[in-house]
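Below are structures written as structure tokens.
In what comes next, chain A is part of two complexes: it sits with chain B in the first one and with chain C in the second one.
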Partner chain A sequence: MTTRRRSALRPGLLTILGFVGPAIVLIVVLRLMPFGQAISSSLYFAPFGPLGSVEFIGLANYVDLFTIPEFQQTILRTLLFAVVINPLQIGLALLVALLVRQRIYGKAFWRLLVFIPTTIPLVGASIAAGIALRSDGPINALLGLVGIGSQPFLTSPDQALWSIIAIASWVGIGYWMVFLVAGLDDIGGDVYEAAKIDGAGTLRQFFSITLPLLKRPLLFVLVADTVVNFALFVPMQVLTGGGPESSTTLLMYDIYRQTYQYSNPNMGAAETVILTALMLTIVAIQFRLMKEKN
Partner chain B sequence: MLRSRSQVRILWTLLAAAVGLVFILPAAWMFLGAFRPGNAVIDAVTPLSWNTFWPDVWTLDNFVQMLGPLDFGRALINSLIVVVVSVIVGVAVSALAAYGFSVVEFRGREIVFGLVVVGFLIPFESIAVPLAQIFNDAGLNNTYIGLILPGIGSGLAIFYLRQHFLGIPASIREAALIDGAGEFSILRRMYLPLSTPALANAALIIFLSQWMAYLWPLLIAPDPALQVAPIALSKTFTLQTSNFGQNFAGALMISLIPAIIMFVLQMFSKQSIAEAADK
Partner chain C sequence: MKKSIPLTIVAAAGAVSLLLSGCSAQSGESSGEAWTIPTEDPTATISFVGINDPVKQNINEIIAAFEDEHPTITVKYEYVPFNDLNTVVDSRVSNKQGSPDLFYVDQPRVAALAQRGYLEDLTPQFSTYNDLFFPAAVEADSYNDKIYAVPMGSSTTVLFYNKELLAAAGIPAPAPDERLTWEQIKEYGAKAQAAGAEYGLLLQQPDRYYQLQSMPEALGGGSGITGTDMLTPALDNKGWLEAMEFYQSLFADGVVPQGVNSEQTDAAFASGKAAFEVATTDLVGVLDGSSVDWGASLQPTFKGAEAYSGTGGFAVGMNPFSKNKEAAAIFLQWMLVDGADGVTGYAKYRPGGVLPPQRKALDFYLTQPDFTTPSGKEVAQVIKEQTDTALPRPATVGYLEFEEITGRMFSDISNGTDSATALKTAERELDTAWAKYKK
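Showing the complex of A and B:
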């Protein structure tokens, strides 16, 4: 009786494959194979032209990535960009989330206004921002109104990357805000009541109650945002082409350019491996930090 | 000198309104620009006035141009085909895998699931370029299958559904098994009906990632006949021209369609919950 029941509960191999087989095939084809392909391709050099033969060069592409100034700068710029844009977006998203949870009139409406831009796909947002930031566009007209001269924005090596940060934040902050508002809602009001009775001020409450209790959602949005921003591609492709003067060339865009425009897919593959390793490190750190809590 | 509670409330409200306006004004400017003659978008900037923001002449010409001669309608249909097939197949694959990894017991399950987790931790964009080369070699470039395949393998949808299935009591399944039901019919007849909102969310995850995809279609489907909406939109745009009404019309269309579908889906899922509550 027991054995019959056990065998009824234990499905056959075909049934198991029927359930998890498609997902396993997809994971192998869509993630592991291309990653493996990038690793192996990064160890070769294929000279341009039909006569060239593929040559094994070991880690030479990686040595180039870390020693040739242009590549060095691309990696450095990508890291700097990540260090600036992620805390900036999540910090602002948190401030907005706190603001729209205050006792204010029309809470849901202001929240909706911040959220609406996130429904615009990045292509649309980039195009709109590209037009708005033109020298004869409305942003410069507004700056003129308050006495600031016309700014070059996307056409200046000093301002282009900041303009892209602004565009990505405009459509990004409302999205991360939603997760943070949900996290804040999960913190019970009674914790604050207790703190008030103990005489804790607003700032004190924020640092000793809100932040610690918001750790998990905060960590989640920070890591998810980091992955999104490492992969940021559309504004560079649509608006700047990585310029002016390479000022908006980040790893993701350079992978595309090396592979498809400079016909150097092996270098693109080495960059792919570096970028993937960067993202995996970030995700791994997140898992570590989240496990600590449990 | 303590200010009254309602004064504080008004101050915070004003601040929230200011923040809301910063976010909404560029979007509103873009959406309104879709309804004005193309050259008016920039021409109305100088002199700066109410008219810069609010059209004085309203027209649907941008939409007519986009959907007619510029063939944006075809791109929208391509996008819809890719999204609909991705959602249907993707949700099916994810539900099967989620059931397999949460309910069905087999040896080595945790190891296989660990492999799937590690695999999906690699963000799609980071390996999109080598994947496109693999797809090219396999002859999947410029095909709907090439566009759709990456959308149906969604780690997030699998994890999400698995988490939901783990919350359904195992006794339901055991009773059904003893009654002679197969695993597939248990999934179909018991787990899926109990998971409508979770399935809707999984569908949404797949829907949005495919609808907004840009890099992948750019790499895998350069054929104009297969262009999806975001690619077609970027093709109509150059910084040098000054007729931007059409760009805005295109951007408005690709922004509104997911919003409308989400709204309909939401009504749908609320309805099904209400129906379930009736029974």
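Showing the complex of A and C:
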């Protein structure tokens, strides 16, 4: 009896493997292996596609990429996109999460309304948004009514990326809101009561209680949202093809173009490695900034 | 110690999996073995990827007729949009699993795809049939003197017009052997719009090289590609600039609508919304059953300029990794080569639409109901007259990049990007994309 109890308390290697093993295998097969292959593929040169002759060229693909002005612009554009879209989506998701927790009439209905765009596949949502943003579409009709006049949106190099940000956020905010609502629900009402007794106002409560106690779900949402947005691809593929004037060509879309449209998977792999490195760096910074003090 | 155990396991698992993936990449090489078209049918299911609508464009009928005559062979057709064909073929052929067995190939891509190893060399099986086809079609499907695809369609671009809309605006209808200038069409289009037409002019494929190549060529700008290896872009010149500025003005002045894409133009003309459309003869099939009273005349050109019309079309190529080459070849032979009096399965069961590239099939094609109506006869006349002005797209191993980059350039220019800037940008992008072939 005692030995059984002890072994139950101190699991052996086999038990650990039994539980953790499947996850490790999946991580290796689905994450590490493809990444390893991308690194290895990025060191080769196959001018005539993946079926042609292959030559080892070391880091030449990377050197090539960083000397191409268009690629430098793609990197800068991708970073700008990340800097804008992530705080925007999370800020709005938090705002909406706070709003739908207020005592308002039809709370469940409002929550549903915010969440619905999330349930539409991104392809469908992009097509719908594309139609809505057309020069003869409903949004321009509304703008016409209030006297602003028709906007080019997806066909203007100055507006296309912002339009994509708006479309991606329309879909994304409801999703991230769910995590933040759960996080807000976890904060006990007694903390707020105590704060109220001490005379803290709404703003003070938000900055001194809500935000600090929401740090964990916020960190998760921040990291996950960053990763999702770096890998965003569908709206560009469906709506702009990376244009006009390359204004919506972000790294992820360029990887697709190199790999499949130009049949140059080695260059695509080099860009994949660069994208992953960029993403990991930013996520590492986020972890550092959000680190628990204790 | 405790921490190091899982790490070692992870590392070992990683090493094993990398090793395994290394092995699997080696398997499934193309057999490269000689094969012939058998006289007796094997039992097989072949997969076939194409860009024609199986219902609206009769592909299902063609396949059903084939399966009736060859009951042991099943053909599974997969319909993909034009814009996705290249990525679908690229990703599926390069994984070496042998599917699809057959796929549509746009003729100017034959060189690029053959050099990349995406097409089976069909010379041993199909070169005996060369004389059945127009020489240009065989040439377009060859690379380094080998045949890499069987010609399926040819094409020509025609000016279609809506008789009622022209009459309402007091514009005289052009005769079938008349060639309007672009300048006239722009003026007439605007006039028709003033008289109630929604669109003045539709370009069937508004941002594709196939449709637009004749404009810069007419103004002396060339094809856009030069050099002995056909890997030097030549877009930044006077002819191209003039052509692109005119093209841009069509959109800026509202004669050609923005945002009506290739998939929507034919339907828009067939529903009576446009005064003119420059389109391939595919439009004839779409107009069959439409209430629009239409006519046809020669592909337009600029005032005082040389006249050119678009040509070329799709062929069918075979996956070199196919496991059903014999059965696939029997289908190809039935659909595109055999038939009483040269009338192939394709010509017989897809009467409207794409021009056949076989000599006898074309004669048969032009006797079909679509081409014997008063309007259809005009198209038949245009088709015959335009054999002299047919201008093929340039053959280059860099065509994949060329089509993609010029496509984006056309789209940018139609949206208002300065033409000179767009041409320079495209030229620089092509230089970058083609650098890999010159190493």
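Going forward, the second predicted complex is superposed on the first by the 243 of 294 C-alpha atoms of A that agree within 3 Å, B and C clash if a C-alpha of one lies under 4 Å from a C-alpha of the other, contacts with A are read in each partner's own complex, and residues count from 1 in each chain.
Everything that follows uses one rule, which is that a residue touches a chain if its C-beta (ideal position, glycine included) is under 8 Å from a C-beta of that chain, and two chains touch if they have at least 3 such contacts.
The structure displayed is predicted, hence computed values, not measured ones.
Visitor: Is A:Gly242 in contact with chain B, with chain C, with both, or with neither (first, second, both, neither)?
Guide: Second partner only.
Visitor: Examine A:Asp158 and indicate which partner it touches, taking first as chain B and second as chain C; both and neither are also allowed.
Guide: In the superposed model, A:Asp158 contacts neither chain B nor chain C.
Visitor: Is A:Trp110 touching the first partner chain B, the second partner chain C, both, or neither of them?
Guide: Once the two structures are laid over each other on A, A:Trp110 reaches chain B alone.
Visitor: Now for A:Asp185: first (chain B), second (chain C), both, or neither, which partner does it touch?
Guide: Neither: A:Asp185 stays clear of chain B and chain C.
Visitor: Give one of first, second, both or neither to describe whether A:Val20 is in contact with chain B, with chain C, with both, or with none.
Guide: Once the two structures are laid over each other on A, A:Val20 reaches both partners.
Visitor: With both complexes overlaid on chain A, does A:Glu193 touch chain B (first), chain C (second), both or neither?
Guide: In the superposition, A:Glu193 touches no partner, neither chain B nor chain C.
Visitor: Touching A:Arg134, do we find chain B (first), chain C (second), both, or neither?
Guide: A:Arg134 sits against chain B and chain C alike.
Visitor: Name the residues of chain A shared by its contacts with chain B and its contacts with chain C.
Guide: Common interface on chain A, chain B vs chain C: 16, 20, 24, 28-29, 32-33, 37, 134, 136, 260, 265.
Visitor: Give the list of chain B residues in touch with chain A in this complex.
Guide: Of all residues in chain B, those touching chain A are 9-10, 12-13, 15-17, 19-21, 23-24, 26-27, 29-30, 41-42, 45-46, 48, 52-53, 93-94, 96-97, 99-101, 104-106, 112, 115-116, 119-131, 133-134, 149-150, 152-153, 155, 158, 174, 177-178, 182-184, 211-212, 214-215, 218-219, 230, 233-234, 237, 239, 244, 247-248, 250-252, 254-255, 258-259.
Visitor: Quick one: which bits of chain C touch chain A in the complex? Just the residue numbers, please.
Guide: Interface residues on chain C, with respect to chain A: 5-6, 9-10, 13-14, 17-18, 21, 86-87, 90-91, 93-94, 96, 112, 115-118, 258-259, 397, 400-401, 404, 408, 411-412, 415-417, 422, 425, 428-429, 432-433, 435-437, 439.
Visitor: Under the definition above, what is the set of chain A residues touching chain B in their complex?
Guide: 5, 8-11, 15-16, 18-20, 22-24, 26-35, 37-38, 41, 96, 99-100, 102-107, 109-111, 113-114, 116-117, 119-125, 127-132, 134, 136-138, 141-142, 144-145, 170, 173-174, 227, 230-231, 233-234, 237-239, 252, 255-256, 259-260, 265, 268-269, 272, 275-276, 279-280, 283-284
Visitor: So in the complex, the part of chain A that touches chain C is made up of which residues?
Guide: Residues of chain A touching chain C: 13, 16-17, 20, 24-25, 28-29, 32-33, 36-37, 45, 47-52, 64, 68, 70, 134-136, 152, 155-157, 241-246, 257, 260-265, 267.
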